[in-house]
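Two complexes come next, and they have one chain in common, subunit A, joined by subunit B in the first and subunit C in the second.
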Partner chain A sequence: MQNVVPFQELQPGKRANEWKKYYLAALVIGLLLLFPFMNTSSYLINLLTEVFIFGIFAMSLDLILGFTGMASLGHAAFFGLGAYAAGIVAVRYSPDLFITLPAAVLVAALAALLVGLLALRTSGVYFLMLTLAFSQMFYAATFKWTWLTGGSDGLSGIPRPVLPFGGDSLINFFDSTNFYLLTLAVFLASYFLLWRIIHSPFGQVLIGIRENEKRMLAIGYETRKFKLASFVIAGAFGGVAGALNAFYIGYASPQDLFWAMSGQVLVMVIMGGAGTLIGPVLGAGLFLMLQNVVSSYTERWPIIMGAIFITFVLAAPKGMVGIYGKVAEKVRCRLWKH
Partner chain B sequence: METLKVEGLCKNYGALKVLRQVEFTVRKGERRAIIGPNGAGKTTLFNLISGEVPVSQGKVFLHGQDITGLKPYQRSVRGLARTFQKNNLFLGLNVFQNVRLAVQAHQSVSHRFIAKYHRFQGINQKTEEILAHLGLTEKRDVPASDLSYGEQRQLELAVAVATNPQVLLLDEPTAGMSPAETFRTVELIASLPKDMTILIIEHDMDVVAAIADRMTVLHYGEVLADGLPHEVKANPRVMEVYLGLEEGEAHHAGA
Partner chain C sequence: MNEAVSFYIVQLLNGLAYSLLLFLLAAGLSLIFGMLDVVNLAHGSFYMLGAYLGYSILGWTGNFWVALILAPLLVGVLGMLLEGTFLRPLYKRGHLDQVLLTFGLAYIFMDLAKWIWGAEVRSVSPPPSLEGSLEILGSVFPKYRLFIIIFGLLVAFILWLILEKTRLGAIVRAGVSDKEMVSGLGININLVFRLVFASGVALAALSGVVAAPVLSLYPGMDFDTLILTLIIVVVGGLGTLGGSFFGSILIGEADVFGKVLLPDYALFIIFGVMAAVLVFRPSGLFRKGGA
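Coming up: the complex of A and B.
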């Protein structure tokens, strides 16, 4: 047909908007790069480092929850396995970043493949329960295999990573600014990769499954295969987050795999806004900030965090991203009037 | 040449026998209407053919191959598509995305997980063509959830057509449409490729007359008559149990 307008040229307005987004992203990245050099307290540098780590973790969960439409309550398993894998390799073999990080990815992805193959035979609440059960099995294993994991004491003495070239002398990651920059780099790379995945034909299939799996089957997609792939990718990124966390605190513990950790990352995703990439990151930021502030005032911070979460779910079911959308809409309406 | 054949199809829900020994053969390019009163088992028949629901007994053949044990997606890959009586869309996605997913389904690009989807111009082009063909171009950026009911019905059809099927099952495609939309839809179905085999469940006899060259009448899960439209209409049993009831039971509530 001749009268068909090529896809992109139909929406010049949209393209201009895209550019605005790129400028904004460049600005934010620039500021984050400069952040540690603006006379920043190490408290803030460490807080932001944690936000990046848990941002990766929350984004990875959102790939399955917000983009594929599967609720998992066992995502901490991959975080924890990544932490142990990187930690064990670093302690016993080499702290080389390019060995420890791939080890974490590999172990987490393989575990996700195993869990996914079995749990994806079900869906909905059964899937949720199975992911929970599997993660609790891994949790129990970290207690049992003391020779490998250090048991209930956890695995301590995990060193910060080193680069294969130059060693400690080139970039010393024991320095909190350097470690901040490392997590920022891994975070940005993860964000970029996940963004590309979501905007690929594969990612569109995941979104289709989230919207209506039955119709996807009817039009010819073997949805289980795609759900498994999504689950494995999410597990791999969860492993990356776990490894970074182990490097950061120098420690991997069974708590990293505990269901409470799975719940916590779920809260981050939901508070920030599931089904977007930036939402989970903002959610992780808000969660960690609140936790820091509230826990400095009272021991009962979990109760207060719980109350805040409930308020969020009731008042802003689409999370922080949803609130932003609503406010932006109102502002635009106002501007229009005058 | 036979394209679709069902043999001794039975479906029971507990003690309820919804389909009993349904048999027919559909030639390539045939346009067959499946008619029958509410609850006759028409949708169930489609569910068995498309694999949404397992058969209790009997077989389904597509291009001479037994597909009874195959999953819906495997049947789709073999050239079968269907629409649903109750709209079954990607409500959170816009019209373009709905159709694009269906176009993409059979293009073996779905494993590409880093390349940007809008670089696949062939798929976008095909999607635009289908939107133009089905009169949905103006609505391309509208979320499916914001369409009127009639437009959703059209999109339901577009998604099925976009998989480029050889056999298309249409479950009451015009139900709930305005007369103008019904007219457009009939034209559209008529404009589909001549070698596409179409089965259509329809209560509106004008639509049936405009499209169908064969008819199958289902009644309480049994094939009451099967043949050319004028033969079926002249069949005394059909006149008795189906057409005789047209004012009452057989008239579709949603139509």
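Coming up: the complex of A and C.
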């Protein structure tokens, strides 16, 4: 868990370990930047693009689920609203990236504020039921308001974003490599921002709420406000992911807001490991890879996904990061013995 | 009689029939939560399974009443198996794992139902003895909906009777307030858990079978219904039969009248009612104690 001193911090050479982490991060980022230029198939580039998009989505859910300790079952609402906001602005007004993306953030954050204000009047299982219920309300609204959203057909013909300067001629995002680099940039920025948020005093309060809300209240924190802020930030990042996804597939549909989508992102977080930032990203990667492989053999992916979900909940509730931690611990114990 | 008045009477009765269907669901969900501390997000899925199983049994036997008895029984047995294999290992862990588990189950049932029964909308006709309409207070009302009202009230009464007047009901009520004490008194709490889960799930399936001739069967009916049920328990409060009952009536009537009077905003009316309850009484209208 976050607030327990990790084993290696008691060991000498901690700073060396820290530096190793930074080297590793730089190496991974460098490889990801070079990835499309290494004679890679467009299939892999597209897969990674999707991993980044859903990585942002999963990290945003983890901010509330893993770090603040609030289970939201309606996170797809903000993903979908971001997708529609960006899509509608792009189709009707301008595909400028610096207009569409902020629009998505704004709409998603406002919706999260509205839902949060109401749902946070309760807590625990009631909060969870309310997030699910409100997300289904937004889902139904996208069906009903055909004039705005295109109804059940969805909103199609969403163009790829354009930079306000230079236009298409400078960087053309219809090219899958350029779009890959764009999503990578947004992903890295989101990761960095969320990392800063979690390691700020504000983030430490959130973790405190997760560990013991009553105690935080007793110390004098207005926990409801912190929870609301966390919920709104998570909604905003969910909107970013939704907007990127709408650009990527050129399409926004009610399915983006459906409970099954909320379930999907929950699986990603659980598979990767809630309460860490890298976990949800790894979960998104594993999920999308599995989905791609399984879907080429059978149409029954949802059943298999449900089974994977249940397996992780029963057998590995801390996800891949938890499994890695256990294995690493065992290896370390062996090494110490000899 | 005045046409407007008779219109409202008919809608009121429609709303009551709908409310009582929802009550069967909410009562099951509430009972399971009160006893097992599990919010069963697969509750809508069991409703859907009940409806589809009823549809199939009706197809094989041609008898609605057989379906009405058999489908909830089958779903109840399924619930019993699921409780033993999946939920039991999770009682020692927090709420979240249990909720996630039922969410995973809902995912599987959604796809399973689509696989077995297809994606097209299906409808069931009411039993021949209940076809046609009756005249009540000068307005025409379908016999089957009247049956739903009577049947729903009967089930509500039986539930109340069991919970309040029998030994089993006393055990369940005691279990809701203090499980450890009950097991300390030498009662097999695991068996009670299993029975409560099975009956809650069977109630959902029963609601599905009864609803089938009125509301059609379609993929997505599971969560449409679950959301309404969740709203009811938020409004009424979890863990009380009375809360489920009056919450169902409030939401059921609001939905029916909303759909008739303001068809474009029907959904928002229910959510508006819920939002109002959350603002003014966040612990629910009928819940004892704080949130």
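One rule holds in what follows: the second predicted complex is superposed on the first by the 322 of 338 C-alpha atoms of A that agree within 3 Å, B and C clash if a C-alpha of one lies under 4 Å from a C-alpha of the other, contacts with A are read in each partner's own complex, and residues count from 1 in each chain.
Please note the rule applied: contacts are C-beta pairs under 8 Å (C-beta built on N, C-alpha and C of every residue); 3 or more make two chains touch, one makes a residue touch a chain.
Remember, predicted model here, so these are calculated numbers, not experimental data.
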### Task
Tell me which partner A:His199 touches in the superposition: subunit B (first), subunit C (second), both or neither.
first
### Query
So, does A:Phe287 touch the first partner subunit B, the second partner subunit C, both, or neither?
neither
### Message
Quick check for you: in the superposed arrangement, does A:Leu217 touch first (subunit B), second (subunit C), both or neither?
### Response
first
### Query
Thinking of the overlay built on chain A, is A:Ile270 touched by subunit B (first), by subunit C (second), by both, or by neither?
second
### Query
Just subunit B (first), just subunit C (second), both, or neither: which does A:Phe173 touch?
neither
### Message
Is A:Leu73 touching anything from subunit B or subunit C once the two structures are fitted on A? First, second, both or neither.
### Response
second
### Query
So, does A:Phe247 touch the first partner subunit B, the second partner subunit C, both, or neither?
neither
### Task
For A:Ile207, decide between first (touching subunit B), second (touching subunit C), both and neither.
first
### Touching both subunit C and subunit B, counted on subunit A across the two superposed complexes
none
### Summary
subunit A contacts subunit B in the complex at 1, 3-8, 10-11, 193, 196-197, 199-205, 207-208, 210-212, 214-223, 226, 229, 233
### Summary
In their shared complex, subunit A is touched by residues of subunit B numbered 50, 52, 71-73, 76-77, 81-82, 84, 88-93, 97, 100-102, 104-106, 109-118, 120-121, 123-125, 128-129, 132, 140-141, 159-160, 162-163
### Query
For subunit A, which residues are in contact with subunit C within the complex?
71, 73, 118-119, 121-126, 128-130, 132-134, 136-137, 140-141, 144, 259-260, 263, 266, 270, 300-303, 305-307, 309-310, 313-314, 317
### Query
For subunit C, which residues are in contact with subunit A within the complex?
33, 39, 41, 86, 89-90, 93, 95-97, 99-101, 103-108, 110-112, 115, 223-224, 227, 230-231, 233-234, 238, 264, 267-268, 271, 274-275, 278-279, 282-283, 291
